[in-house]
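Two complexes are shown next, each including chain A; its partner changes from chain B in the first to chain C in the second.
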Partner chain A sequence: MSLLEVEHLRIWDGGSGAVLVPDSSFRLSQGECLAIVGESGSGKSLTCKALMRLNRPGIRQTGRVALNGVDLTGLSDKEMRPYRGKRMCMIMQNGMRAFDPSRPVGAYLLEALSLHGDWSPSEMVAGLSAAMMSVGLSDPSAVMKRYPHELSGGMLQRTMIALAIVLEPDVIIADEPTTALDAVTQYEVVEQFVALRGRIGSAIVFVSHDLGVVRRIADEVLVMKDGVIVEQGGTDAIFGGASHPYTRYLVSSKEALRSRYLQLMGGTRIAEG
Partner chain B sequence: MGLYVLKRVGALAPLLVVISFLTFILNGLSPMDPAEVVLHAQGVPSITEELIAATRAELGMDRPLLARYWDWLLASIQLDFGDSYITGKPVWSLLGPALMNTLKLTIVSSLFIIALSIVLGVLCALREGRWLDLSVRGVSFLLTSMPAYWLAALMVWYFAVKLDLLPTSGMDSANSYVLPVAVIVIGYAGIYFRVVRSSMLSNLNEDYVLYGRACGIPERRLTMHVLRNSLQVAVSVFGLAIPIILGSTVVVENIFAWPGLGTLTVTSILGRDFPIIQAYVLVLAVAFVLFNTGSDVLNAAMNPRLRKEL
Partner chain C sequence: MLKVEGVSKSYRGNGWLGGERRQVLRRIHMEWNKGESLGIIGESGSGKSTLGRLLLGIEKPDEGRVTWGGRPITDRRARRGTISAVFQDYTSSIHPFYTVRQALLEPLKLVGGPGDARKLAELLRQVGLDESYLDKFPHELSGGEAQRVCIARAVSSNPQCMLLDEAISSLDGSVQMQVLELLKGLKETYGMGYIFITHDIMAAAYLCDRIMIVRNGEIEETVETSQLRHVKTDYAKALLRKVIV
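Right, the complex of A and B next:
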């Protein structure tokens, strides 16, 4: 049995009736990393939020989303809450906006942790500190005292990863976690995700439109266009020989950019010579 | 935070000097000569040039402007605003009690306005687009659109005359507050609850609410966090609302014969009683500045991003 099973997920706008994702099915095994790629507006983010039932009230969904065989769509809001955070953890796109601006980051993290376990405050601080050190935040107590606006996007992104490490969820859903970051920070955060996979056994749903990152991190790739999954398969298969023209277009435009970039940087000569 | 408060209070001094100076020269712009006003008020039958010159000297009008301003400022700080041209009584003996009465009305009204705005704003934001939101917005729109004098007249007719529940005017008991406060609250709460509502709505759409929900934080606690962030906007608006209400009770005070600032100013303006008008403008301007600074300080206490500025 797969860890997460999504069957016939359909998402539409309750107000206008517009269908945003007509019929999606996919599954995720324990410890696996599934990347969802596609251009903006292709329904990646909606699909992610639908897994945790986090789309805003106007957005409706049907279909089955089962975690360890439990259909989450049938749960009440109260029954759903323990799944959020503890079993399924989300890492947001923009760290700068993901934390309450009026509270120190630490207060927020401790509030979230206190909901999901019988840890004493000192245990929580110790656990968080260790997790934050492991993602490269060398001074955890200083970070926890700071307000979100006093930290960088990369630091907040790592803080979210650290929270996920402490919570050890079954599934981590990362919604474009590197998009809002500069290139260097992006690289570092991707490295943290790669390390994260080795450290805890969580499965990861990794949404991105950066194919380079996807190739580095994912086992399986799911390609979406206009709400429809046009192709899915192993990472090597997708990048090696995609069958759907849209996937081939995505991969080839990525390659074209890459060769142009190498050319500009003088990398072709290095590659050739 | 302590440094921030110190800086804000320090910035008040020059501002207050400018305001007081503007208030002082404002009366000089009036076409009426104060000396003439005084002579008229004293009932002098024939006003001669010599008489005007003598009165001007008596009022100190022949001295240089800055010297007069300085003396006036020093006296004003001690609440000595001179004597009324019309009645000859010290200005503060008239203005002080009137100010207290208006303050009572303003404070009671403001508390109701703030409480009502927060409660209605939060409820409407949480039920956006549902019947509660729609009906509250509809009713408040209707009530806010009514001019205060008309609403006041309607309420007096119904509650005081027809039902005979409340006094029509005066300031005799706690019951006297009900109608004037109701008219003021209806006029302003309908405006200010929209500030809370829209601020709540924009905060509810923020990523931090989504992340909080994704972390399993219960809705009620999330609402409290959102409220705290939303009130930062509302606090500045409320901070200015109080002096606005303080200065705009004229209509309500006149209808309900409330012995407050509004009634006193209207009489003074009609009688060209410059010292009272001057003192009134000064008191109100200072109230604006103080409330504005107060709300900024309160805001900084709630919003860590503001503390670093300035």
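Right, the complex of A and C next:
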């Protein structure tokens, strides 16, 4: 049995009746990383949020989303609570908006932890500190005292990843987690995701329009266009020989950029491995 | 042509935590030559956008000077028709109540150029759009189309240099590529020169002849793009290694 099973997921706008995602099905196994790629408006984020039933009220969904065999779509909000955060953890594009701006980051993190586990305060601080050190935040107590606006985008994303390490969710849903970052920070955060996979056995749904990042991190790739999954396959197969013209178009679109860079750098395959 | 001599810039810290001045640029020396495509790359907070605003003359340096053909760039008359800008946020770059026509006419009026239908159609054609866009409002355009309109507007005053500050960063990968090809085409057809500010090293390497690496308000290294693999400083080497291809 797969860890996460999505069957015939249909998402539409309750107001206008417009169908946004007509019929999506996919599975995710334990420890696997599934990337969802596609251009703006292809329904990537809608799909992610639908997994946790976090789309805004006007957006309706039907279909089956099952985690370890439990269909989440039938649960009440109260029953859903432990699944949001503890079992399924979401890392958003904009770290600045993911945190409560009115409180220090540490207060927010401790509250999240106290809701999802029965750790003592000192255990929480110790666990968080260790996790933050492991993602390259060398002074955890200083970071925890800061307000979100005092931290850089890269630091906030690392803090989110640290929280995920402590919570050890079954599934981490990362929605464009590196898009708002500059190239260097992006590289470092991607490396943290790669390390995260080795450290905790969480499965990852990684949404991105950056195919370079996807190639680095994903096992499976799901290509979306206008709400429809047009192709799905192993990362090597998608990048090596996609069958759908849209996938080929996506993969080839930045190929000129990539080959020019590799040529300039003397053919060495940088940041790959 | 465009010359920066010993330029420094600092800002006062903001908000209730503020007070201390933050040095954003330190004694920068650089030059941009006619027809050249210069890439300015660096991490967030390295000072590259501040440098961009000083190059445009929309901010004044604390010390040093920025000149165009020997005249200070902050002088509006010296600046006219020389350099134009395209920024990252295409949604806020065009007045939301203006049609594409009005947005294109605005700079034309300033430089006193012809603003007839033929001129506008030609401008749109240069950026791969057509006359049917003239009466559209910004919200009716996709990101790539809006950024093309911004580029058309930047081209309209026949500048010698176009400064692009993260102009392709918020576009989809394939649209980024289309805009880069458009810029390349303008360079080949009209001899347009660029100052291309970005954190996207691959895009800079694709478009530019020369690349300047900025770090903590200073120029770490400047290198011909063809010599990119031979950068000297450790920082530049590490930066290039971190490109996710």
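The definition used in the following text is that the second predicted complex is superposed on the first by the 259 of 273 C-alpha atoms of A that agree within 3 Å, B and C clash if a C-alpha of one lies under 4 Å from a C-alpha of the other, contacts with A are read in each partner's own complex, and residues count from 1 in each chain.
Note that in this section a residue touches a chain if its C-beta (ideal position, glycine included) is under 8 Å from a C-beta of that chain, and two chains touch if they have at least 3 such contacts.
Just so you know, these numbers come straight off a predicted model, no measurement behind them.
Shared-chain residue A:198: touches no atom of chain B or chain C.
Applying the stated contact rule after C-alpha superposition, one finds that A:69 touches neither chain B nor chain C. In the superposition on chain A, A:185 makes contact with chain C only, while chain B stays out of contact range.
In the superposition on chain A, A:17 makes contact with neither chain B nor chain C.
Looking at the shared chain after the overlay, A:256 reaches chain C, while chain B stays out of its contact range.
By the touch criterion stated above, A:163 is placed in contact with chain B alone, chain C being left untouched. Contact residues on chain B toward chain A in their complex (touch as defined above): 205-208, 210-219, 221, 225, 228-229, 232, 302-305. Chain contact summary for the complex, chain A toward chain B: residues 49, 52, 54, 56, 77, 81-86, 89-90, 92-94, 97-103, 108, 111-112, 115-116, 147, 149, 160, 163. For chain A in complex with chain C, the touching residues are 39-40, 150, 152-153, 181-188, 190, 209-213, 216, 249-250, 253-254, 256-258, 260-262, 264-266, 269-272.
The touching residues of chain C, counted against chain A in their complex, run 17, 43-45, 143, 172-177, 180, 199-203, 205-206, 225-226, 228-229, 239-245.
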